[in-house]
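To keep things simple, chains are lettered A, B, C, D, E and F as they appear, and every chain counts its residues starting from 1.
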């Protein structure tokens, strides 16, 4: 098989099988476990098939470019280190899958379980065979995510949910820190290719960023490998089903950190900083974990803390920056994987059979479950470092290496603490075996129906125990070449000569080992007393701390967020105005230049000054009487009128026309709305707030007014409108340049503008149509008129006047529409004028009367108008011109004379239709609701009157 | 350009002065007359004539000065003829309605409150017009 | 002479607007304010026409016409609001 | 014919209005104006139910009279505003009994009263038979009522025959 | 002129026709209207893809509306950046539309389809136009349509939030006009390319005014982009909107970001005197705070839609960190992440809806409720969406974040940026893990028994498709990042734009 | 006194009034504030073409100087759009009032999109 294919299959197989399992999630347990077992087996076989070549020194690699922009390649690489881990992941994965098949009850969501398990397997495999550190990061984060699912598998249990979240928070967070470290590493090395990085050790260690890189990467490793003080997630991950623990905490998840430390050993190790940090963290973790493990009662708790301790050991070894220590680490990785997986599985069996994992309730199980007892006892012995098991060899190597290392200038520190840790670990191992299987049963209950499980369940731990034994008895045969080649891969050069055996003669390490075992036995003997003393102490529970910290952070953050994110429009607007104001100030002061420009001003006539006074006074009146809403509307009308006059004065007749007509419609609209709103609401703002707002308002006014002044006193800068003036008549066929701009030069703007209006109409309709129902309907029904109204709906003179005004104003509308291209006017203004004519009818004769006499629906008008405008625009495509290109020509008819026809006029028809439709739709809907409100009110009064009369006699 | 005779010029100037004057008087009336009903007379009339004067002045001006007939001004007058009485009517209605409803700033002017019509019916502002009468423009 | 007349008329109208403003702010009745606004509109029509005369330009007449046509709609609406609350019923 | 030209007076007014807006006398303009004069009343006919019979000649005469009255009376009001002290004013409410019986006629009557200075039509009675008028300065209200009835209502009865 | 030459106008023409036609036919035949709407979205996707492919070689296509030459008329400009945005908008519209139709959300009120098409018109127009005032107009089109859509279905929460949303945006639009006025007054032009040329000639006495204009304009865009402290309008608005609409809204803040990317290098680039890169110093801190606030919101929000809304803010912050570097590779990273985060935000809103539809009165609140239909699948979907939103592997967010981290590494402030991006990722992860475990893992006895009857799986189509898009974006990241980088390079070469728009002369 | 000063100061006053009103607590006031603000904005945009008296941009063979037509066209568009927006805002304000019975612009402090209608000690629905 080609290497590339093998590698791709290797990494994809777990993912594909996860998908298959998920797809068949509703099928039986056998289906799920079958796929998982088969996939693991195939993967393991693949690893075995390449093992020879790899151990022989060949590095299998394949690379496909993925995201060249960041140097992320899909590179896979198997060297001895990767090989060993891949073998562990798949081999133990296989055993765990078999075990899990029997362990999980029939009713459990085995589909979900095995899918997650395979996902996790794939992610782990990805980590160990990635040839690109960015790719490695991807798999790294995937292990956090998939372990989240696995730990939280029993989701009904709060322990499981919290454990899963905590693991995710710590390992995921560590992963994020790792990202930073790895990115810096790659940037310094100039590549994210693993091989290149591994060869850039000198560059990296001499980089000023090295300490940063180191710390960041170490945090990533330490969190994953549950090193102190990030260890606390691991015991809580024990809420997972036991197969998960067996898998995650023996050979995989927690080993990822160790793997990465080993992987980057050639690059990062060897500096004092590295040695100090890694060694001390490992050492502390080792001692601490072992100490706590001694006093746990939950089987899995003991194993969890023992795992922490053993991982500390590994980390410490790697931290020594000594080649032989690295070799010891490699060997211990194998040992630990074997005995720890076996122990977890045994614990699972005990739990499964007795229904409890509390060691205080168990004991003497060897009689009822002999097979399990044998397996677990051997595994525990390996963990204790007893000969002739593999654990003894690696532990002794470890103790030997400690003698080489001085920490903080104290040569005795490491050996002494390491020996203490070894004593403690011997102690908890002994206790585990002894209290579980030997002595008298302490609690009859769990003991009653306990017996050995079927072969399916004990086979897996048995295989592991056999390996653990063989690793002690024939280490060189079983693991020699592998360890040697792995060690050289870790070290980055040829490994020192390897001599793995139980007996190295009498030396300090042997003495330390013996001491460890003896003290371990002593600890077992005096355990009860020690336990009492231990429990008398107050212990800082990291989980508690974490959760309290989390809850505190949550509460504080929440308070802060809720306080700052109150949905207050006043705040939103204040923030907006304030930001803009500050930016204006900054821009004006930082930009420099003059405030007043050189342009000569136009003298103001007395009437202009009076008009200005009117505007200022009306604005002031609006502010002074803001709560008198009706009056305020009148003042607003004055402002609108003055602005219309200003447009007339400043040569903008089209604008004046627009302003006048829009003003009227706006006032109608506001009056319609005001009728249903409270007319003079109570004061809401406090005086300081008013002052603050006023200050901001004044500043804003000064800012914008100042900008206007600066702008007005400057000369123009060759505006493009010169072209419009020059081409309006010749190119656009109209003399009213503003209108030609609207319907021709910038017809696209106008298209958008009418669409805005059309949408406004539609949206208003959508908003108001359901108003009669629901809460609003009820409120409308309850709506009370707040002043006595005149009973006369349709004043005679007014009604009669509108009858003649309608045709007259319509004629004016047609006139304004037709002349727009050449004189002030056009579709928009005409539409408003016509709309006003009809609105006048509504005002005078009421909604029903008028509406019954109208012929075209507003929705149709809006759609029609947009379509006409679009059709006009698209029509030009038929003539090979661009969208919205206009054409015009002059025609002559007898009697009538010469006249112009322009497509722009057709476009203006569209404008007319949309604007008319939208205005009518908006106002008709709004007036309709008032009418309905009034009717509902009348109906209610009538009903009340009826009940009143009924109550009378 | 047509030679502008002095008479024409005088006529134009007279109309403009007259118009301006009337507009001012109308607005002065708005300020100084004692109550809303009296004030209503000023603008509705004096101002219309004021505007009328200016309109005629303008028409003459464009005719004599520019040689172009403009009749737009007549159109403006036409609309004002229709709209001014309506506006006055409605403002007056608001007044008598407010008087009857005792809305606070509203007080009867020197003429007092309006007397009721001699027939049994009240004014339309206070009583909905009876169906079938010319005053009723019912919805159907 | 016409120039003086125009200036005089402008001055009158300016003064008139000022008087309207006074009534607008003073009230006291709502009707007074509406009336003041209505008068302002009419004076504004006169001003627009005068601007036309003063600048010898009749482009602005449409503005005056429009104001005459629709200006009173506001007045009417305000009155209807005071009379009936619901301006379109 | 009635459906084709529902309001002949309106049609004429529209054509005139159109020509005034065009501000020029061309055949083309007149042609369009006539089209508008015919089409718009048809289109807006639903909004003007009922068709008052109008004597146009009397109408024009009435119109001229009113315009004249407006001009003359404007001076009177101006004089009152400028020279009469508030305490000398004799404002009064006039309740005018009407013989007019179409809404169009009443409206024109009331409008005339408002346009001619010194008087403002304030309200119509609910029965449609009385007009409430406010007079700015009426020392003798009854005489004023009689004058108004004689001068305008009599003529209007002829217009809306 | 061949039809392909008119293609640049297709993204505006298609919805502008579809909307009124749908409006006309909807009244009688709802199904036909839906068909038109879906067809329009599909056609927009096709048109956008064609433009995307056509722009790949670096051609800048211009289209002079009305055949008036730039800068005098309005010109549409299709470069790689526009093509990316158009494609994103069209794809998202299809997702949102499909979801809206499948969940029958389109029937919960009036005029969903016309409003939706008009919304697309606004978006596409904004991405296409080369004219600053025209940009304003399309902003208004997309805003008013968004008001309508946001209020679709109504209810008190939507109405209250709607008032604030509408008013804040009206203020924003007014400020936009002030900025436009200043710029026209100073430069005499509205065409962006032309304006970019003309700012160079502005004299020293006018520099202050120019700088004011630049800052004002960008602050308006920042308001649309919801950069802190101009973000307050967003959370509630998005959280309460109809999910299909909210999914489309995920793009709305990106319009603000797009405008900043479009306008700053082109108009306020190197030769803009005192206005050169004027907003730059403020964008970075704002972006960092925005990212932090956004993900803090994700952390504390107690409903999926609330989290989604804050995630939109957070992602904008992350994105703007990259933009604020004003370098080609950072902008390339930003564009890739922009596409990703938009789809991810949409996916979150859609998943929130899928959840809410199944949990009766518990809706998408992060409180345990009774078991609900297809919990397993929905849970997976949520996890995928959360992974996408936080930027974890294997979805494209991770690549996007790696791109950003690497691109800003040589900026002096890289530490702040990295810290913010990585820390917010963690905060987001924890936040989503909490709500997810409460909703999908924890159970509570049903209290009101109002379990929605038979919810079909059809409503998962759109979110699944969104996730699939993200997976594709992840797998095709090589190609996508190359395109994004090329687009960024084009943005930083305004001269090429000027040549294309104003001709060689 | 120049017209430029009158216009600039009028813009300033309208802006100040608009901001102040927009910061009040009721929808109707806010809408009126926006109206004032948009008057100012329209004037501002118009002023970007500078002030020109008596030169309307109606093209004629023998006239050389005109007011700048472009800002006028822009303002026209802006007025229309503002009208649409204002209309919508007014209707929405009314609709919201009818639905909730309050015309306050500020939402309930409990609706910040954070959905804290759940007890605040419940960390994400999960209790230790």
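Heads up, the rule we're going with is that a contact is a pair of C-beta atoms (placed from the backbone, for glycine too) under 8 Å apart; a residue touches a chain by one contact, two chains touch by 3 or more.
Please read these numbers as outputs of a predicted model, since none were measured by experiment.
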Both-way neighbours, i.e. chains that touch chain F and touch chain A: C, E
Chain pair showing more contacts of the two, A-C and A-D: A-C
Chain at the geometric heart of the assembly (C-alpha centres): E
Distance-maximising chain from chain A - centres being C-alpha averages: D
Interchain centroid distance [CA atoms averaged], chain A/chain E, Å: 16
Where chain D and chain E are represented by their mean Cα positions, the distance between them in whole Å: 62
Distance between chain centroids, defined by C-alpha means - chain B, chain D (Å): 13
Overlap residues in chain B, where contacts from two or more other chains coincide: 21, 26, 28, 40, 42, 48, 68, 70, 72, 75, 78-79, 82-86, 89-90, 92-93, 95, 97, 103, 124-129, 134-135, 137
Per-residue overlap in chain D, given as positions that touch at least 2 other chains: 17, 21, 103, 106, 110-111, 121, 124
Junction residues of chain C - those touching two or more other chains: 10-11, 13, 15, 17, 30, 34, 59-60, 65, 69, 71, 76, 80, 82-83
All pairs of touching chains, each written as two labels joined by a dash: A-B, A-C, A-D, A-E, A-F, B-C, B-D, C-F, E-F
Complex interface listing, chain A residues touching chain B: 787-788, 790-801, 804-805, 808, 845-846, 848-849
Touching residues (chain side chain B, partner chain A) in the complex: 78-79, 82-83, 85-86, 89-90, 93, 97, 101, 103, 124-129, 134-135, 137-140
Chain E-touching residues of chain A, taken from the complex the two chains share: 22, 25, 65-70, 72, 109, 112, 134, 137-139, 141-142, 145, 148, 152, 155-156, 158, 161, 164-165, 168-169, 172-173, 176-177, 179-180, 183-184, 187, 550, 554, 557-558, 560-562, 565, 567-569, 571-573, 575-577, 579-580, 583-584, 586-595, 597, 704, 707, 710-711, 714, 716-721, 723-724, 727, 744-749, 751-753, 755-756, 758-760, 762-763, 765-767, 769-770, 775, 859-860, 862-864, 866-867, 870, 873-874, 876-877, 880-886
List of chain F residues in touch with chain A within their complex: 1-32, 35-36, 39-40, 42-44, 46-60, 66-70, 72-77, 79-81, 83-88, 90-95, 97-101, 103-109, 111-114, 116, 120-121, 123-124, 126-128
Of all residues in chain A, those that touch chain C in their complex: 605-607, 609-611, 613-614, 617-618, 621, 630-631, 633-635, 637-638, 641, 644-645, 647-649, 653, 656-657, 660-661, 663-664, 667-668, 671-672, 674-675, 785, 787, 789-790, 792-793, 795, 798, 805, 808-809, 812, 816, 823-825, 829, 833, 836, 839-840, 842-843, 846-847, 923, 927, 930-931, 933-934
